[in-house]
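Order as written gives the chain letters A, B, C and D; numbering starts at 1 within each chain.
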Amino acid sequence: MKLITVKNEQELSELTGELLIGWMLSKQTRFNLSITAGTTPEGVYRYLAPKIEKSRAFRHVHYYNFDEIPSTDPAFIGITMRDLNKLYFNPAKIDASQIHHLTSENYAEHDERLKQDGGLDAILLGIGQDSHYCGNLPGATQFEDQTVKVQATGALRTRISGHFDSPDLVPDHWVTMGPRSIMAARKLVLIALGSQKAEAIWHLVKGPVDSKYPASILKLHPDLTVIADEQAMKEVQ
Amino acid sequence: MKLITVKNEQELSELTGELLIGWMLSKQTRFNLSITAGTTPEGVYRYLAPKIEKSRAFRHVHYYNFDEIPSTDPAFIGITMRDLNKLYFNPAKIDASQIHHLTSENYAEHDERLKQDGGLDAILLGIGQDSHYCGNLPGATQFEDQTVKVQATGALRTRISGHFDSPDLVPDHWVTMGPRSIMAARKLVLIALGSQKAEAIWHLVKGPVDSKYPASILKLHPDLTVIADEQAMKEVQ
Amino acid sequence: MKLITVKNEQELSELTGELLIGWMLSKQTRFNLSITAGTTPEGVYRYLAPKIEKSRAFRHVHYYNFDEIPSTDPAFIGITMRDLNKLYFNPAKIDASQIHHLTSENYAEHDERLKQDGGLDAILLGIGQDSHYCGNLPGATQFEDQTVKVQATGALRTRISGHFDSPDLVPDHWVTMGPRSIMAARKLVLIALGSQKAEAIWHLVKGPVDSKYPASILKLHPDLTVIADEQAMKEVQ
Amino acid sequence: MKLITVKNEQELSELTGELLIGWMLSKQTRFNLSITAGTTPEGVYRYLAPKIEKSRAFRHVHYYNFDEIPSTDPAFIGITMRDLNKLYFNPAKIDASQIHHLTSENYAEHDERLKQDGGLDAILLGIGQDSHYCGNLPGATQFEDQTVKVQATGALRTRISGHFDSPDLVPDHWVTMGPRSIMAARKLVLIALGSQKAEAIWHLVKGPVDSKYPASILKLHPDLTVIADEQAMKEVQ
C-alpha cells in the first residue's frame, strides 16, 4: 500500500489525473479502467477531460462501470451512468464503443466479460464515511461477492432514496462489483478529501478487516495507492 | 483465480515445478520467492532440485522464508529452515546468500526488508485441513496482520508441540508472515492433495471470507493459481 | 539477455517446455504465443503436447503463426501450418479457435490484429546456420520490416525449394513477421542445438548488428532468453 | 510504438510530466529512471520539479545518468550532471542517494550495476537533428554497444567542443550507454519539438535501421512512446 498525502483538493485532482494519464499511457495495448462517480473526483475529471478529449493517445482505454442504481422508470439510464456522463464521458468525448455499462440485465456476465476482455488494469475508487466503495455498502455485500444484485430493502433502500426526486422512482435493487471483483483488478487507487473521511481512511489503512467497514478489505490488495488530503489522513500518520 | 485440477501427486509435482521454473525464468533481474515446507510439496522439490542445482540460470532467485517455529534450544535453526534445507535448499545447492531466514529476531523488519529488496514476486503455499497457510492458524493471526510473532499458548501451543521430541523444546511463540504480507506478493500458487483437503479448498475457492478459515481470504488475491488433485477439488467443481 | 547452457537436446526440450508452461500460467487472462517449426523444437513439443492436451489450464493460450510458405497448389495449407499441426497442434489437441494462421491473404493486417488482440506475450524462436529466424533469411527482409510478403526469386527461391517435392509447387513468395514485428513481442526465447549453430549464436550474442546476420538484431530486445547446448554456445562462453 | 502528437511545447511538457508521474507511481517498489538533459525537456522539468519536491511519494525513484561529458579539469562534475542538477535534481531536491552518476571511472560496471539494481524501468530520451540520443552520435557507437567510452577525435571532438568555454577543457572522450543498454530498458519515451527534428523523427518512426541515424534503431523497442509537436511529426503522419 502506498499512501500519498496532498495539501488540498486541487493537489489531489492534479496528482490523481497525472497518475491516471501515466497509467493509461503505460500500455501500448487495450487498457481497461473503472472510475468512480461522486463529488471527490469532480476535480480529477475537470483536470482529465480536456486532456483526454483533445488527444488520440487514449483511444485504447476502455471504461467499465463498477456499479449502477437504476430507477423504476425503465427509460432512465441509471444514477452512475448519468453522473459519469456528466462528470467525464461527455466532456472528455469518450466514444460509446469505449464505455461498458453495468446494468441489471448484464451484471451476471460482468466478471466473465471482464476476463475475456483482459481483466481490469485499474480502478479509481472513492470511499464513503461509512467505509463503502462502489455499491459495497455495509450490509449490502460480502467480501467474497463478485458482481451482484443487491436487494434494496429497509435501511439500504433509505440509503439510495436520496438519489431520487420521488419515492416512486426508488428501485428495489442495485448492481455492483463486489469486493472479490474489485480486488481482482491489477491496480487500485483510492481518493479521499476532508476530516469526515478520516475514520474511514483509518479503517482502510490500519483497522481490522471487518465487514462492517467494507473498505477495510482493500488493505490486502498488492497494488493499492491511497491519495488523500491531510484531514482525511490525520488518523493514519 | 485459476483452478488447475491434476490427476495425482506426480502430475501436481511436475506441473508446479514447471510453473515455478517458468516464473523464475520470466524475469531477467532478481526474483524473490517464498516456498512452503510440508509433505505436499515434497514431490515438487524432488522435481525441482536437480534442475536448479545443475543450472546457473537460477542464481537471480532469492528465497525468503515466510514462517519459522524456533525451539527453546537457541542452537536449533528452526523447524521451517530445517525442513526446507532437507527438502530443497540442500539438494538444490542454493547458495546461502540467496536464502533469507525469517527469525524471532528479524521478523519485525521483514516487511520493510522485502519492500527494499523489490517485493515478493511469488509464494508457493500449502494449505492445512484447518485452512491454515504459513503460520496463519485459526486464531493465531488476523487478516490485517503483517509479519508477526504469535504467542503459542493453549491450543496453539498444542498444535506445534508435535514438531518436537520433548515438551521442553516447545517454544512460547512462532513467527509468520500474516495475511496482509502474504497478499502483498505479486503471485500466489497454492497446492493441495487428497480428499482431506477438500473442505479447506472449498473455503478457499467458494466459501465466505471468515477468519475461522484463514485461507478463505486468498480468494481476494488478483493473481492466485490453485493446483490440486481431483480429491481435493471435489467440492468446487 | 539471459543465456542458459544445457547439456543436450533432452535438457533443452525439458527446460524450454517448463519455461513455456510457466509463462503460459503466469497470466490469468489471454496469453498470445508464437512458436517455431523446425527440428530443434521437436523435443519441446513432444514434452509439451501431452501436458497441454490433458489440461484445461491452457485454454487461454492463443497461437499466432509468425510465417508461412504456401505452394502453387491453392489447396495446400502451407509448410508452417502443416509442420506445426504435426509437431504440436494435433498432438496437443489445440482447438482451432486458438490457432491464428498467417497467410498470403491476411498478412497485411497481421500486426494490427495482434495489437487488437493484446500483442504477443512471447515467441519461441529457432535460429538457422545462416542466422535466419522465422522467414527472415539474409536478404529477404530488412530490420525495419513488420509483417511482409517476401518475393522468392533467385537464391531465395532456391532456399525454399527444398520444402517441395516438385519444382512446380515452389511458390513465388512467402510471408513472415519481420524483425520489427518480432521485436514488438514482450518476451523472446530462442533455442539452438549443435556446433553447426555456434557461429549463428555468436552473431546473436556478441556480434555486430548486421543485416547479413538477421538474428544479430535480437540482442537488442529487452527480454530475450537463449537456451542452447554447449556445442551451440561454444563461441560465446 | 505509440505516437502522440501535441500542439506545442506546453502540451508536450505537461503530457510528458504526467506520463512520468504516472509511471513512477505505477510501482510500489524501487523505480529506476534515466532522464535526458538538453533544451527540449526544460518545460518537462519545470512541470515536474515542484511536484516531486513537495511529495514523499517519489522517494522510491532512482536516477541513473545515461551519459557524461567530462572536461580536462578533474574537478568539473561533467556536462550532463551539471545540466541535470540545474534543470531538475536541484529544483526537485532529489536526495543524493537517489542519483547515480555515470563517470569515466565507473562506466565499465554500469550495465552490471543496473542489472543488480533491478534494471531500468524507463528512459526519457531526446533526439538530435542528426538522430543522436544520449551520447550515441553518428559514428560514435555501434548498435551492439553497451555502456562505452567514446574517443573524441576529429569531427566527434568538434561536436562536443561547443560545450566548453576554452578548447583546453575539451576532453578526449565521453561515456554513454550504447544502443544495446538503452534498448534493455523496459520503457522508452522520446520527446521532440520543432520542424528541425522532423527528419530525425522520420528516421526514428519510418526509416530504415541505419547506423548513420542512431535513433532509427529505437523503432525496434517493444515499448516506445514518442511525444512530439506537429512540426516534428510532420513527416510521419
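Following the convention adopted for this analysis, a residue touches a chain if its C-beta (ideal position, glycine included) is under 8 Å from a C-beta of that chain, and two chains touch if they have at least 3 such contacts.
Chain by chain, the UniProt names read as follows: A, B, C, D = 6-phosphogluconolactonase.
Since we're looking at a predicted model, the values are computed, not measured.
Asks: Could you check if the interface between copies subunit B (6-phosphogluconolactonase) and subunit C (6-phosphogluconolactonase) is built from the same residues on both sides, meaning over half shared, or from different ones?
Replies: same
Asks: For subunit C (6-phosphogluconolactonase) and subunit D (6-phosphogluconolactonase), let me know how many angstrom lie between their CA-based centres, rounded off.
Replies: 34
Asks: Could you grab the centroid distance between subunit B (6-phosphogluconolactonase) and subunit C (6-phosphogluconolactonase)? Build each centroid from C-alpha atoms only and quote it in angstrom.
Replies: Once rounded, the distance between the two centres reads 37 Å.
Asks: I'd like to verify one number: the distance from the centre of subunit A (6-phosphogluconolactonase) to the centre of subunit C (6-phosphogluconolactonase), where each centre is the average of its C-alpha atoms, in whole angstrom.
Replies: From the centre of subunit A (6-phosphogluconolactonase) to the centre of subunit C (6-phosphogluconolactonase) is 43 Å.
Asks: Which positions in subunit C (6-phosphogluconolactonase) are in touch with at least two other chains?
Replies: 28, 222-223
Asks: Select the category (line, ring, star, complete, other) that matches the graph of chains linked by touching.
Replies: If you draw each chain as a dot and join those that touch, every dot ends up joined to every other.
Asks: Provide the residue numbers of subunit D (6-phosphogluconolactonase) that touch subunit A (6-phosphogluconolactonase) in the complex, in ascending order.
Replies: 1-2, 4-6, 14-15, 17-26, 28, 51, 55-57, 187, 222-223, 225
Asks: Contact residues on subunit C (6-phosphogluconolactonase) for subunit A (6-phosphogluconolactonase) in the complex?
Replies: Interface residues on the subunit C (6-phosphogluconolactonase) side: 28-30, 115-116, 118-119.
Asks: Across the complex, what residues on subunit B (6-phosphogluconolactonase) touch subunit A (6-phosphogluconolactonase)?
Replies: On the subunit B (6-phosphogluconolactonase) side, the touching residues are 142-144, 179-180, 183-186, 207-209, 211, 216-217, 219-223.
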